[in-house]
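Here subunit A shows up in two complexes: once beside subunit B, once beside subunit C.
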Partner chain A sequence: MVKLRVRQQESFLRGGIFVEAHKAQSTQEPCTFTDTPKELIFPIHFSGGGPGKILIKIGQAVAQGTPIIECKSGILHAASRAGHITSIEPRRVVHNSQALSPCIVLKTDGSNRQENNLTPISLPLDISEIKERARAAGILGLGGAGFPSHKKWEEKVHTLIINGAECEPYLTADDTVMQIDTHSMIQGACVLASALNVKTIVIGIEDNKPAALHQIKKTILDSQADHSFEIVVIETKYPSGGERQLVWLTLGVELPSGLRPVDLGILVHNPGTLAALARALDGKPTTDRIITITGEYIGRPRNVIAPIGTPIRHLLTSAEAKFDCITDITVGGPMMGFNSTALDAGITKMSNCLLANSIKKYSIDPCIRCGYCAVACPVQLQPQQLYLALSNDNLERAQHEGLDDCIECAACNNVCPSHIPLAEWFRLGRFQNREATRNKQVAASARIRFEARTMRLDRLAQEDASKRAARREQTTDALVKARKLREKNTP
Partner chain B sequence: MQITEPMTTTKNMMGLVVLSLVPGAITATWVFGAGVLLNLVMAIITAWTTEGLCLAMRGRSIAPRLRDHSALLTACLLALSLPQAAPWWLTMFATVSAVGLGKHLYGGLGQNPLNPAMLGYAIMLVSAPVAMTTLWVDPLNPPLLADAILAFLGSSSDAHTGATALGLYRNEFAGMTASEIATYPLFERSKLGLIAGAEWTALAYLLGGLFLIHQKIISWHIPVGFLGALILISSFFAIDPDTSTPVSVHLFAGAAVFSAFFILTDPVSGATSSKGRIWFAIGVGILTYSIRTYGQYPDAIAFSVLLMNFAAPMIDHYTRPRILGRNSAIKGAGGKSWPGA
Partner chain C sequence: MTDGIMTLGAGVLGLGIVTLAGGILLSFAAKRFRIESNPIIESIDALLPQTQCGQCGYPGCQPYAKAIISGESINRCPPGGQNTVDRLADLLGLPTTPLDADPEAASQDKVAVIIEEDCIGCTKCIQACPVDAIIGAAKLMHTVIFDQCTGCDLCIEPCPVDCIKLIPRPLRKDHWIPASPPLIATDRSSPLAIKHG
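Then we have the complex of A and B:
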């Protein structure tokens, strides 16, 4: 018997900001499929994982669902449409750096060929089966960070949170998933919950998505699931959808610094990820995702279901973008996304939004320590002090001020009267910090290696010396004996 | 990236503070005569000139910094703190010190460790003590325009100046009882039963300050901390009305209300967290009371603010809020020390 409880949030966000949501623009038109682009582009590097293993050859024909890349975490990425591989060459990718990176280029042929290497699995499932399937079907966090989902299922968990907050302005991709793909989402959540022995499935959703809320309620009540659900309606305030923030808002649990929700037995997933999981169990690898195309330069802002690897330009054209106004495009929401000029790059599984807005240029004034950023910070940092430390190139000091606890939500940017790009400073600082730590580790291991080598060489030299001494002694003994013998023999 | 125009800009913040000084400035002109306006004009012209010159010497672009109203604000704050019958050179040197030594010597806007206006005030108090203590206009006998201009040009006449309430308590009232003091014209002719003249300016500044809190330009922590500390400590010592200065004089004479909302709230030189701001303000309150009562100067805001400015970094170290997810707040200094520290 399904149990459902709907309630308002009981804990409240510290800090945070109210920003204009701009969500209505992209929800006026229904979500549709895009037409298949001529070319699909798949970068072989994945965030943090290094280059993946290429599983195909140039010229090889592939079907929709044929694995083409195996990345370091073991996840197989599939070709999202049928066609053949034309080249593996450096292309511009959707990434902050705007750099060239090797990509697999697939020329589509418009056919409907499907790879059927994954068979539908029937219930009930063991977690190792689900893990294997998620890996083979290329499931990773579709919320934006792209964390390999199956790596989250190692620990014992008691609660599954579906992160339907979607607090970023302009984004409606998760909202769309929760409206049109509700059944798969709930199914994915239920399968996972049964396999992991999860007691409650909590859905955190902001109060500006009544349609999605209604749809979820209906689907849960209609389902045959034997789980207890809890829907927590939270106030629309950025960044309520941050993982740590959502855990606090829904469960009232404050995550200790440095721990992930899984460490406390709480699993947080994006709605799209769970829907993709349900499809993967049906035998369909992740080849498409819902992506929001919006902004003032978009003629028909809406959500589309697009094959992974679709060039950004293709999506913008289909949404009737005004190309002569667009210089660069924001990928992944205005707060935490980044700007990219690479319009020919293919979208990845993590791209949830393409935003084409006029980029406002503000002149940056000096920090006057007004403290607005400290009020806006959802982690209660003192961004003005952090900024002071980082602008003085003082990483240690910044760490002391809590650099590691920054969630890079950029709420501080949006209240700064001096228009200082605080979040960019913190992102850079955190990156430098990680580099410094890594360098330290490398140096430490090099030192250990060096010391071991010195010790080994010393030991060898000693052994050598003792052997030589022993041999010399032997020779001396023999000589002495020989001489004695000679003396004896010569009268 | 920045997607929304922030609630306000640095320029607007400064502009709003200047704007909220208007009721106080008008009231002060009404009570103390045109000297206030002359001071303001002199200070503003000097501040802009000094700011421009300093920026040129430092090789920085001049226009954007002149447009951000920070020099204007320093000039207004300083002019309203100076004696109303101050000669032109006093205002000029005070402003040059405030903008040049107080701000640009340390690297301009946002870098000054001390409150520039109070630094200018303190420098003049040390270098021209007579002018800074004797040229306060007697609110019962404010000068007309011609007299005010004469005073401004430097021909000092004491026809229109007199001791301030705090000065009277400091120098004249020893051995007098509270009822005797109450017959003094400055108190007897007050409309609100406080101090003639000064009470109106204090109320006008209060109005401006409340407007700033309403506009979220300043936080309530500083005025509440400062005035609270001053009221508490002075009412504790005011048990015997014959030997101590009453609470109302501490509050309404001198620059207490003005400073609570406009001087202590300088974000650059003060403490930065909310808790830190309360401690900062309490510190200023205690120091103000101590210097007024036991020190050599009748009013003490400038020195108290400067002393607490020195303490602000330490206050910031010990009042960091608890970062969410941590068991306790990180207290104390840490990391490697500041370059040059």
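Then we have the complex of A and C:
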């Protein structure tokens, strides 16, 4: 018997900001499949899960679901439509760096040939079986970070949280998943919960999504699952959808600095990831994702189900974008997304929103130490102090101020009256910090090897010396004996 | 009266025995658990980059750390760069001096690579490598373990066929450096900023 409890949040977000949501723009039209583009582009090293290896050859015909890239973490990325590979060439990628990086270019042929290398697997499932399937079906965190999901499925997990907060303004992709793909999402969550022995599935959802909430309630009550569900309705405040923030809001657990939720046995997943998992178990690799196309320059803002690798320009065209106004678009939300001018790049599994707004350029003024950022910071840091340390190249000081705990949510950017790009500073600082830590590890290992070598050389030299001494002694002995013998023989 | 003296005597005697026992224990511990290394050398060594390259004129980072204690100048470590000089100056309370090398060349992160077709398997580079980052056997091809190589260039010189070269360290394929945000001049070198923690 399914148990369902709906409650309001009991703990409240410290810090955070109220931002204009703009979510209604993209929910006026129903979510539909986009028409298949002529060309799909898959970046080899930026598809999520680390740098990849190519699994196909130029000219090869592929079906929908044929693995084409194996990334460093072992996840296989599949071709999202049937066609053939025309080239492997450097193209701009949808990534913060906007780098030119080798991409697989696939020319679609409009047929719906499917690769059937994954067979549907039936219940009950073992967790190792699910992990293997998630790897083969290319399941990544679809929320935006693209963390390989199966790496989080550890034995000690006791609570599964579905992150339906979607606190970023403009984004409605998760909202759409929760409305039209509810069944798959709940199914994926139940399978994962059974395999990991999770008793309670918690769904955190912001109170600005009544339609999704209603749909989830209905689906849970209709399902035959024997898990207990708990829906926590939380206040609409940015960034309640951050992993750490959501754990606090739903469970009242504050994560210690440096630990991830999974270290405490809490698993947080995006609705889309769980829906993709349910489909993967049915034998369908992740080839599509729901993406929000919105902003003031979009004629028909809405959500679409787009094949991975669809060029951004194609999606914008289908949404009737006003191209003459668009110089660059924001990929991801306005808070944590990045601006990109690479309109011909293909979307990846991590792209959840294309936002075409006029980008306001502010002049940056000096920090006046007003402290607004400290109030807005959801992790109780002092962004103005961090900024001071980082702008003076003082990483140690920044670390002391808690740079490692920054979640780069950019709430501080939003309230800064001087328009200082604080989050950019922190991103750079965190990067430099990681580099410094890596260099320290390399130095430590070099030192160990150097010391071991010195010790080995010393030991060898010593052994050599003692051997020589022994030989010399032997020779001396022999000489003495010979002399004695001679003395004896000569009367 | 005598009671008082007795108590006092017992106290003095008791404490005397305890202190004596403690003294014996401590003198024993001082001999038994004596640590030979100098903690200052350790902390200097921790600041050095551990490339073991010998560019300072000493056969490794620890020997250089020892030499600094006995008066060697602190600006002789090119791989560490100016940053290391500053930190050493900070640690030892010395005035900071400019690096005794071309800072441009020093800052590059390099690794050695063996042109494997040309390698004759003489093992000379293996013997020269201070961190055992080259593997191979006599008359068989050698190769460099990139992750262990410190780019010290000590293997270049002994190679009889010149088949080792230094290249910039290969980066991860998805490596990227976040862009530096624009800086406002007034926010740098503010009197409130504290140098090094």
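Annotations
In the analysis below, the second predicted complex is superposed on the first by the 443 of 491 C-alpha atoms of A that agree within 3 Å, B and C clash if a C-alpha of one lies under 4 Å from a C-alpha of the other, contacts with A are read in each partner's own complex, and residues count from 1 in each chain.
Heads up, the rule we're going with is that contacts are C-beta pairs under 8 Å (C-beta built on N, C-alpha and C of every residue); 3 or more make two chains touch, one makes a residue touch a chain.
In this text, all values refer to a predicted model and were calculated from it rather than measured experimentally.
Contacts of A:Cys416 after superposition: subunit B is touched, whereas subunit C is not reached. Of the two partner chains placed by superposition, only subunit C is touched by A:Ser101; subunit B is not. Considering which of subunit B and subunit C touches more of subunit A, the answer is B. Looking at the shared chain after the overlay, A:Leu479 reaches neither subunit B nor subunit C.
By the touch criterion defined above, A:Thr330 reaches subunit B but does not reach subunit C. In the superposed model, A:Asn392 makes contact with both subunit B and subunit C. Look at A:Asn339: by the touch rule set out above, it reaches subunit B but stays clear of subunit C. Of the two partner chains placed by the overlay, only subunit B lies in contact with A:Tyr372; subunit C stays clear of it. In the superposition on chain A, no contact is made by A:Ala470 with either subunit B or subunit C.
Shared-chain residue A:His400: touches subunit B and subunit C both.
Residues 365-367, 389, 392, 394, 396-397, 400, 421 of subunit A lie in contact with subunit B in one complex and with subunit C in the other. Contact residues on subunit C toward subunit A in their complex (touch as defined above): 45, 49-52, 60-62, 130-133, 147-148, 150, 172-174, 176-184, 186-190, 192-197.
The touching residues of subunit B, when paired with subunit A in their complex, are 1-13, 64, 68, 108-111, 219, 267-268, 270, 272-274, 316, 320-327, 330, 334-336, 338-339.
Those residues of subunit A that touch subunit C in the complex are listed here as 44-46, 50-52, 95-97, 99, 101, 364-367, 387-389, 391-392, 394, 396-397, 400, 420-421, 424-425, 427-428, 431, 439, 442-447, 449-454. Across the interface of their complex, subunit B is touched by residues 14, 19-20, 169, 244, 248, 254-259, 330, 334-335, 337, 339, 357, 359-360, 362-363, 365-372, 374, 378-382, 384-385, 389, 392, 394-402, 405, 410, 413-419, 421 of subunit A.
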